[in-house]
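Please see the structure below; I have some questions.
Letters are used for the chains, namely A, B, C and D, taken in the order the chains are written, and counting of residues starts over at 1 for each.
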Amino acid sequence: MNQEPSPEQNWRHKLYVIIYEADTRAGKRFDVILLWLIVLSVVLVMLESVEEINTRYHAVFNLAEWGITVLFTVEYVARIITVRKPLGYIFSFYGLIDLLSTIPKYLSLFLVGTQVLVVFRSLRLLRVFRILKLHQYVGESQKLMNALRASRTKISVFLFAILIICVVLGTIMYLVEDRESGFTSIPKSIYWAIVTLTTVGYGDIAPQTISGQFIASFIMILGYAIIAIPTGIVTSEMTRDREDNEVFDTQSCPNCSADRHPPRAVFCYRCGTRLNP
Amino acid sequence: MNQEPSPEQNWRHKLYVIIYEADTRAGKRFDVILLWLIVLSVVLVMLESVEEINTRYHAVFNLAEWGITVLFTVEYVARIITVRKPLGYIFSFYGLIDLLSTIPKYLSLFLVGTQVLVVFRSLRLLRVFRILKLHQYVGESQKLMNALRASRTKISVFLFAILIICVVLGTIMYLVEDRESGFTSIPKSIYWAIVTLTTVGYGDIAPQTISGQFIASFIMILGYAIIAIPTGIVTSEMTRDREDNEVFDTQSCPNCSADRHPPRAVFCYRCGTRLNP
Amino acid sequence: MNQEPSPEQNWRHKLYVIIYEADTRAGKRFDVILLWLIVLSVVLVMLESVEEINTRYHAVFNLAEWGITVLFTVEYVARIITVRKPLGYIFSFYGLIDLLSTIPKYLSLFLVGTQVLVVFRSLRLLRVFRILKLHQYVGESQKLMNALRASRTKISVFLFAILIICVVLGTIMYLVEDRESGFTSIPKSIYWAIVTLTTVGYGDIAPQTISGQFIASFIMILGYAIIAIPTGIVTSEMTRDREDNEVFDTQSCPNCSADRHPPRAVFCYRCGTRLNP
Amino acid sequence: MNQEPSPEQNWRHKLYVIIYEADTRAGKRFDVILLWLIVLSVVLVMLESVEEINTRYHAVFNLAEWGITVLFTVEYVARIITVRKPLGYIFSFYGLIDLLSTIPKYLSLFLVGTQVLVVFRSLRLLRVFRILKLHQYVGESQKLMNALRASRTKISVFLFAILIICVVLGTIMYLVEDRESGFTSIPKSIYWAIVTLTTVGYGDIAPQTISGQFIASFIMILGYAIIAIPTGIVTSEMTRDREDNEVFDTQSCPNCSADRHPPRAVFCYRCGTRLNP
């Protein structure tokens, strides 16, 4: 019981608290520094892609990216060392993100012209979620996720119906419209139907014939009206979530611990025991 | 009573269970295969429409389409044979869809250049709904349909008002705007009004005069604001639907007639009397 | 008391019932014919505006328009004769619409090139509302109008804030963006801000500089997020409207006739009288 | 106690009532005049920016702007003199707006080509809010602000997630799409992702490759579906706000402690006891 932790264990635990928790001052500072490093590294990725900026500051970007990569490597190793189950961490969602967002620079030593690695570097942004997870926002985003999860099936049905509508209407438009207007193939017409139904409306493909514009009008009004459906689903779910916590009383029965009593309840609805006032 | 079913009846019944139901293992497998066949056939229709792909793989597509058509024909015949009332099936919604989505390839033997048949082939996609109908999603999509059906009248009124607004505003724009901006006729101006009100905004027709842009701004803000109406209708309907069915029980206490008991209530929350089961 | 109506009065009353009411068979038929005449006349207006169609069928259109105008004139005179207070009708909203939608053709005899009269002719469409008013849809559209009327002040505040945001952001964009991108004046920039905030997005004016695209992104996300506000207002109002009729009991107090009692009410909240069970 | 106010104090107080309050006739007239002055000055700013109008009426605009500036200066000084704590006013939000919207014309005497001052002049529009604050609309806009404030955290989480989605999807599009389609850098691709997700869809940058259009379709449908989230948040908040404040009274019965009485309740609906006023 009074077993003293070995100095090494002690050191690892302290590091664990700093890296994985945010309740201590050092832990908070670690998170803030990491947050800025991530943002910095993503800004670097963006600037590098701008032709004029990259040609001028290429050396600076290269150096900065190496610095960030080394720091992320150190962090990755530290996370593996301090955690209780290293394999669990490595193959967890965030563990894989950490790895994928660290290796691109190393790979670029061996591979040439691998632009795809840029995406992995931008994946670093997902790490921001872990940091924020430990702080505020947890409760609110939890509620949002709950409402979305509860309406998952309804929304899938809706999206599925949308897709089928777009395929059928896209096919019809392919037949109705001129090839010159941009409706050169069915997949392209379906793409146009999605652009129109979601009210995005790029205008790179637009119907020119009268019948085409008539069908297009129908799709637009449809899209304008049925946006009410996902909105209705999510709103209904969110209102329910709130009501569940408020419309019902917070007390539970002293006998059978049933909860969700109406606000004015005097007796438990399940076992009939008189509730505490 | 103990009448043994004839071997033929037995065989037909087994096939019926496989084709029309999804509770058995064979029935499920049949549905999954059919689902993939439908998706495959629709993908074929799409690819065929892409000029470059079609010229290269035309023979393959032709063969695959024949294969799928034969399989669908077999299925269609099997459905007619096994069902109790063949005529009822043939003239049902899905019966017609099944027929229409099977015959195009046969017709193409006699008719030349009948692109319209492509639409019939894409109608196959509607058959997906029947398959999904038998599985999950039924309850959820039922609720969606109920909410939409209940708000049908309100939404018709809304759409009707939208159309009249678009006709009147389109006519005004036709007078106000230059013919060069694309407002060449009243139907085209009405089309533009729909494009604008639904916030699609292609940009192929856009007002150029100051007064035209002023009216356009009005239409946009109108469209932006009144989208609240269908949303409000559907949301209100969905919330009601949920409240009616889930939050409260419909029974009332036999002693004090208190109602709005929680769904699992056994005892009255007000007087403690045991509720009727 | 037993005063017999004069034959003329009798005749006028019968005509009144046909024209203004829809409960009799003749009244219903009158409304349906009128509805089709209106739709026909508006379709004529549209077709006339299409250059190619008009040059070919100009004579037909002219004749048809004269026929409709005469019929509408007859109807207008009949309405004045049969109604009890002719002046009240003439200066009512629908009275003015009736007049304005009848005279254009007569005016075209004296005036040349008066395209503006086309708008008056399209105003005929508004007359459709009167006809529908007499039939179904009354209750539903009434509820819609109630919800909108109740949220009028909130929506005005919202639209007003939108306009001010667009003016300020439009002015900023005018300074930030190049004149070549289309931001040639502040009114035009404000127009662009409205196009962007309402998520219409024509694309005829689009920011080209980085700072301009940054501000544009801000406006878009703002517009995307604050559409929640009118939706929230109207939905909230519609849910309340429904609840008012449902959450409260339908009974009224036998003593003081106060209504809107809670569902479980035993005593009147206003006078304390025991309510009928 | 009977201390007579000095004539000067009296004079200052009267002016204070006119300028800062709107209950007297003079105060109301002052507000209306100020409102029109502000609107006029903003209209001037707009017209000045239109090349053709400005070259013709430059002298008029200059004179009018000087007139307005002098009037605003007088008002600004009067506000400082009459208010009890001048420093508090000067450094308040509206105090700074008043100053910033007055000085541009004076600065233009010393500085040349300072277009930025135009923005300060358009800031005058914000002063409109103060005037309206004193009148109607206070309650309604207060409720709107409350609902928005209550859902602030949820909306931040939502916007934050939107931004990260746009960065990641923009980066992917940068890799997938041709440079010729307009996806010339990652920041530009992110800008495009925002344009698409918010369903604005300018069309100045639009995907041309099949994979690009596939990802674009995904973004559009995502944007179309998740607009339900802010809407759900605000609607849920507004419904709650209403329920809390309006549908039920906050008092409970002194005899049986029943709550949720209607707002005008005088007697308890359950036991008939007279409620405390």
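We take it that a contact is a pair of C-beta atoms (placed from the backbone, for glycine too) under 8 Å apart; a residue touches a chain by one contact, two chains touch by 3 or more.
Only a predicted model underlies this, so the values are computations on that prediction, with no experimental measurement involved.
Asker: Half is the threshold here, strictly exceeded: which of A-B, B-D or A-C has more than half of its contact pairs identical to B-C by residue number?
Answerer: Residue-number overlap above half with B-C among A-B, B-D or A-C: A-B.
Asker: Could you compare the number of C-beta pairs in contact for C-D with that for B-D and name the larger?
Answerer: C-D
Asker: Take the average of all CA coordinates in subunit C, do the same for subunit D, and state the distance between these two points in whole angstrom.
Answerer: So the centroids are 29 Å from each other.
Asker: Let me have the rounded angstrom distance from the C-alpha centre of subunit B over to the C-alpha centre of subunit D, please.
Answerer: 41
Asker: Which residue numbers or ranges of subunit A touch two or more of the other chains?
Answerer: Residues 158, 187, 199-203, 223, 227, 231, 233, 235, 239, 264.
Asker: Subunit D touches which residues of subunit A in the complex?
Answerer: Touching subunit D: residues 42, 45-46, 48-51, 115-116, 118-119, 122-123, 125-126, 128-129, 132, 136-137, 140-141, 143-144, 147-148, 155, 158-159, 162, 187-188, 191, 194-195, 197-204, 223, 227, 230-231, 233-235, 237-239, 241-242, 246, 263-264 of subunit A.
Asker: Where on subunit C does subunit D make contact in their complex?
Answerer: For subunit C paired with subunit D, touching residues are 153-154, 156-158, 160, 164, 167-168, 171-172, 174-175, 184-187, 190, 196, 199-203, 206, 210, 213, 216-217, 220-221, 223-225, 227-229, 231-233, 235-236, 239-240, 243, 247-248, 260-262, 264-272, 274.
Asker: Where on subunit A does subunit C make contact in their complex?
Answerer: 199-203, 231, 235
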